[in-house]
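Below you'll find the structures, each written out as structure tokens.
In the two assemblies presented below, subunit A is common to both, partnered first by subunit B and then by subunit C.
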Partner chain A sequence: MSSMPVLEAKGLCKTYKVSGENSLFAKTFSAVKDVSFAVYPGETFGIVGESGCGKSTVARLLMCLEKPTSGEVYFQGQRTDNVPEAQRRKLRPRFQMVFQDSGSSLNPRKRVGDLIREPMQYHGLGSAKEIDARVEELLSLVGLPAEMKNRYPHEFSGGQRQRICIAKALSLNPDVIVLDEPVSALDVSVQAQILNLLRDLQEKLNLTYLFIGHGLGAVHYLSSRIAVMYRGRIVEMGGSDALFDHPAHPYTRALLDAAPVADYALRGRNRVSLSGEVDEEPPDGACPLYARCPYRTEECLRFKGEMTAVTGDETHLSVCHRAWEG
Partner chain B sequence: MSTRKSAKSRPIIKRFCHHKAAVVCLVILAVLIGMAALAPVIAPYEPTKPTGKFSQPPTPEHILGTDKIGRDMYSRILYAMRVSLLVGFLATLISTAVGVILGLVSGYFGGAVDKAIMSFTDMVMSFPYILLVLVAAAIFQPGMWSIVLILGFVDWPGVARLVRGNVLSLRETNFIKSDIAAGMPRRYILFSEILPNTVAPVLVFATSVFALSILDEAALSFLGMGVQKPTPSLGNILEGAESLSVLTDKPWLWVPAGTVIILLVVCINFVGDALRDSFDPRNEE
Partner chain C sequence: MPALLSIRDLEISFRNGKRLTPAVSGVSFDVGAGEIVTLVGESGSGKSVTALSILGLLARQGKITGGEILFEGKNLLSLSPAELDAIRGREIAMIFQDIMYSLNPVLTVGSQMTEGMRRHLGYTKEQAWAESVRLLRRTGIRDAESMMKKYPHMCSGGMRQRVMIAIALSCKPKLLIADEPTTALDVTIQCQIMELLRSLREETGMAVLLITHDIGIVAEMADRVAVMYAGQCVEEADAETLLTRPAHAYTRALMQAVPGLHDDKARRLYAIPGFVPQVYGDMTGCRFAPRCPHGRECPWKDDGRMAEIAPGHLSRCRWEEGGEAV
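Let's look at the complex of A and B:
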């Protein structure tokens, strides 16, 4: 992990105005607060969290589809969030994105072949003949017959459309692909196929992924490192197995314990469950989980937001001052 | 690439044919437009030259009678349709082009540009329409070309709003986002992705603008501010109906022209309605 990160977020914050957009008294909502992490070549970095925790906003900020309120985004060491779009455009093919809703990710009026071909043509990735061949190659790479290039997006199922989106992202030979809940909208059986496809492609093409999801299983399956987000913050970050085996933050524990378990032997274990709802406001200056955490102490009212290493593992970080005792 | 067209357009034609009334209207429209186009061939007389007695009721020589200075009504209506359709078509073309451009710019660039364009649009929309047209017609010299320009520059706000709304919703779709992520240029996003996805609603809206323009041309010409005599237009033929004695005693002077206007407007609107339904793929049975 000594090499340069492919994608890096430094202190990312994003606030939205929620009511009365042009009024002086507009209320603001912080979707992302002080998020920092780095994705290294060849790995899959997972971000997990419940709906509305800001994980998709992080994806859009990294893709420079939105401007961060503060903080910096780097792609292979180059700052990308504050450069003019014209300059960024040359860099864009190297970081691609797959969206959750495959239905709206493809222009309904174009043939699949054209959808994949056009970005390659614009970026001059070969002659017309070469690009044609590449389109067919990409389709078969994602497990679709090459003849399907003449069809329109609505003629495909959700899973097939997601394969097309992956082919489209691959067409520009990216170094990293941001996968924003790529399987959340799919049937469980199809989810597994897509996850396997993503894993195979990673091996074959030496890709780097940033995988965003709310399903723990999917994130665990693909990711080598995981960050857990809650209310716009990363609350815990660490190696996939370390995080799953020894969660250091009460929220991570609750998230893991909330997943249904088939194994009867595990059913009686001591579960952590949170009271209340996500939108429960913590008191000013307190830990974001304060209102819901069963382990809160006096000290939790003075939340610092610093990530500290969990005892015995320097890559495993948590914002919880209690650095989980177990 | 012949399969490309048929694969997509066939269901549209099929869905269109489900509207029986619209198919009938389309046939009527085709006949009327055909008659207008062939006016120099099928018109029995010169439309601007007196060829019979004054205000003569229909006879075998003049099947729709003659007007008050003895010109053949049938020939005049044929030529009038040409003028009215041409005015309607050109006015629609101008207003649609203006509306599409302003709507695209307004929706895509947003911010101050959007505010300025939309305020201007609201201003044009809130102006008493017929008054604006009358004043404009009085300032510029009345005539066919000024009518085309006036109507063209008055009818665009509806199109502009429609296109802007469409662009706003398309801009938020993932396929535009993934174009931006793929580093595609603005011109590609605007003209290859957004514009083709707004063509269908614009086309449907344009049919109603077309019908409206024909009505407005008739109104203006009826008021003497439109197409000037001796050139016939459906509006200035109706001028005779300003007098009560013509209305009650000489129906051949206004019934045929009035009927043609109604037929044109009704048929165009029906076809527009059917087009809207057939462009919507959700109407697949």
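Let's look at the complex of A and C:
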């Protein structure tokens, strides 16, 4: 992994203003705190976490759909977060995004063919005839019959609509696709179809993915490396097998233990369980998990937020000062 | 011993203009006293409709066109509205997936908690209040006294689901129907709620009919399982048999479509081709046949009857008798 990262986040922070007296967070809310990672060509980098952990905000920051409060975003070595939009627009075809809700990310009044055609027309990729041929090619690439280009989005099932969104993202020949919970809204049988499709496309087109999800199995299936987020921070990051087989952070362990597994032999297994809920505020300066962690010590009150390598694996990092002892 | 709840050949149709569209056909299963039975299936399989029909909660377009629902030997379908009212909330309680809309937003938690006890059990306001506080504590709410005075919008999703469970338990029902109670919650909270339901069953001996789309939850919770597909119950067995020796091609496919946490990533997920049929009234024979990996080779595809393939193990598919796995 010595090559230049395709996407890189350096110390990203995003703070939102939250108004209203009854708000849980009085004035501002830090959605993302000091997030740094790099995604290398051809890999799939996964981000997992529960709702509100900031994973979708990270995606939006990397796509330059929002401006970070501080920190930097790089695309193939070029800074993208602080350049004028006109300049960024030239780069946009090369990083594309697929959203969770395929129903609301397709204009209901346009035919599917036109939806896929639109980005190519905007960026002037070829003549009308070439673009038409490309639309049909893209539809068959994602496993839909080319005749379907004349239909409207509502005529498709959720899984088919997600295929259309993927075709749309592919239309500009991107280098990297950010997938924000692309399968969470789908039934399991359809989920497997889309996961397989994403994997095939990656091989065929040499794509890089940033895959965001809360379904641990799905993220593990596609990703080579995974970051776990909690309350806006990356708490653990590493190769996906290392991370899932030997989690070093208590939160990762609890997340893995909480996921129901379709294996009767594992029923009633011992698990690390967290008390309370995500919105439980840790004391000032303490580890974000302090209020819920079963392994907390005095030292956890002085949280440094530094990622340190887990023994024996330089690529496996965790913010927990205690090496996993379970 | 006769079952606590026994559903026999249930048929439900929905009025669609002048036509009746069948949603559930020929569903039969039993829930014994103190048993946790899960009804598992993808969206549109008819599992929620089946659950709603037990308490007469179907939308106006829904019509039960055949079969019976026996609760302690009484057919709930032949009861007058007043008689059903005496059972609803008292003998059979229900909790729902939609935690946002299942509590009344303009009443405090306390007034919603005490309503059932005052009505069904004739408690005084003070008795009901004291019992409510006890129940809220039991469901894991630490500050139960102040929770009683809160409005639903002031609580998190996990808290609301606990309040719903506490309300459901308030009249000590013999059967709790839980319709996807954790689908809207994060996994660590889901894990807490499942733990709670399991321990409440041990403590009170109430039976639970748990509806879910997640085969992992089946593996964690169920004593017995009924698998639904396209409005039919396709397989029924005790949890261990179903998970370790599934007989129906759909059950097998469903289990193989879920990516595990420690799977070998090189293995491709088994994706069921096509999607769940939305209209299945006209289908004859096996309704899974168009998507089944055995497809045309299946000698029973025109049959689709439920048959007992081993004691206590019913299935509409007998592919396993022929031997080889999917």
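As a working rule, the second predicted complex is superposed on the first by the 311 of 326 C-alpha atoms of A that agree within 3 Å, B and C clash if a C-alpha of one lies under 4 Å from a C-alpha of the other, contacts with A are read in each partner's own complex, and residues count from 1 in each chain.
We adopt the following convention: a residue touches a chain if its C-beta (ideal position, glycine included) is under 8 Å from a C-beta of that chain, and two chains touch if they have at least 3 such contacts.
Everything numeric in this text was worked out from a predicted model, so none of it was measured.
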| item | value |
| --- | --- |
| Subunit C versus subunit B on the shared subunit A, clash or fit after superposition | fit |
| Touched partner set for A:Asp257, first subunit B, second subunit C, both or neither | second |
| From subunit A, separation angle of subunit B and subunit C (C-alpha centres, steps of 10 degrees) | 80 |
| Touched partner set for A:His154, first subunit B, second subunit C, both or neither | first |
| Contacts of A:Phe45 with subunit B and subunit C, given as first, second, both or neither | neither |
| Touching partner for A:Phe303 - first (subunit B), second (subunit C), both, neither | neither |
| First, second, both or neither for A:His214, with subunit B first and subunit C second | second |
| Touching partner for A:Phe244 - first (subunit B), second (subunit C), both, neither | second |
| Touched partner set for A:Phe75, first subunit B, second subunit C, both or neither | neither |
| Residues of subunit A touched, compared between subunit B and subunit C (which is higher) | C |
| Which superposed partner A:Tyr122 touches (first subunit B, second subunit C, both, neither) | first |
| Nearest-approach distance, in Å, of subunit C Cα atoms to those of subunit B in the combined model | 7 |
| Touch list for subunit A against partner subunit B, complex | 63, 65, 88-93, 95-97, 99, 101, 104-109, 111, 118-119, 122-123, 150, 152, 154, 165, 168-169, 172 |
| Complex contact set, residues of subunit B against subunit A | 3-4, 8, 173-175, 177-185, 188, 192-193, 196-197, 281 |
| Subunit C-facing residues of subunit A, complex | 22, 50-51, 157, 159-160, 187-193, 195-196, 199, 214-218, 220-221, 240-241, 244-245, 254-264, 266-267, 271, 273-274, 277-279 |
| Touch list for subunit C against partner subunit A, complex | 42-43, 154, 156, 158-159, 186-192, 194-195, 213-220, 239-240, 243-244, 253-255, 257-263, 265, 268-273, 275-276 |
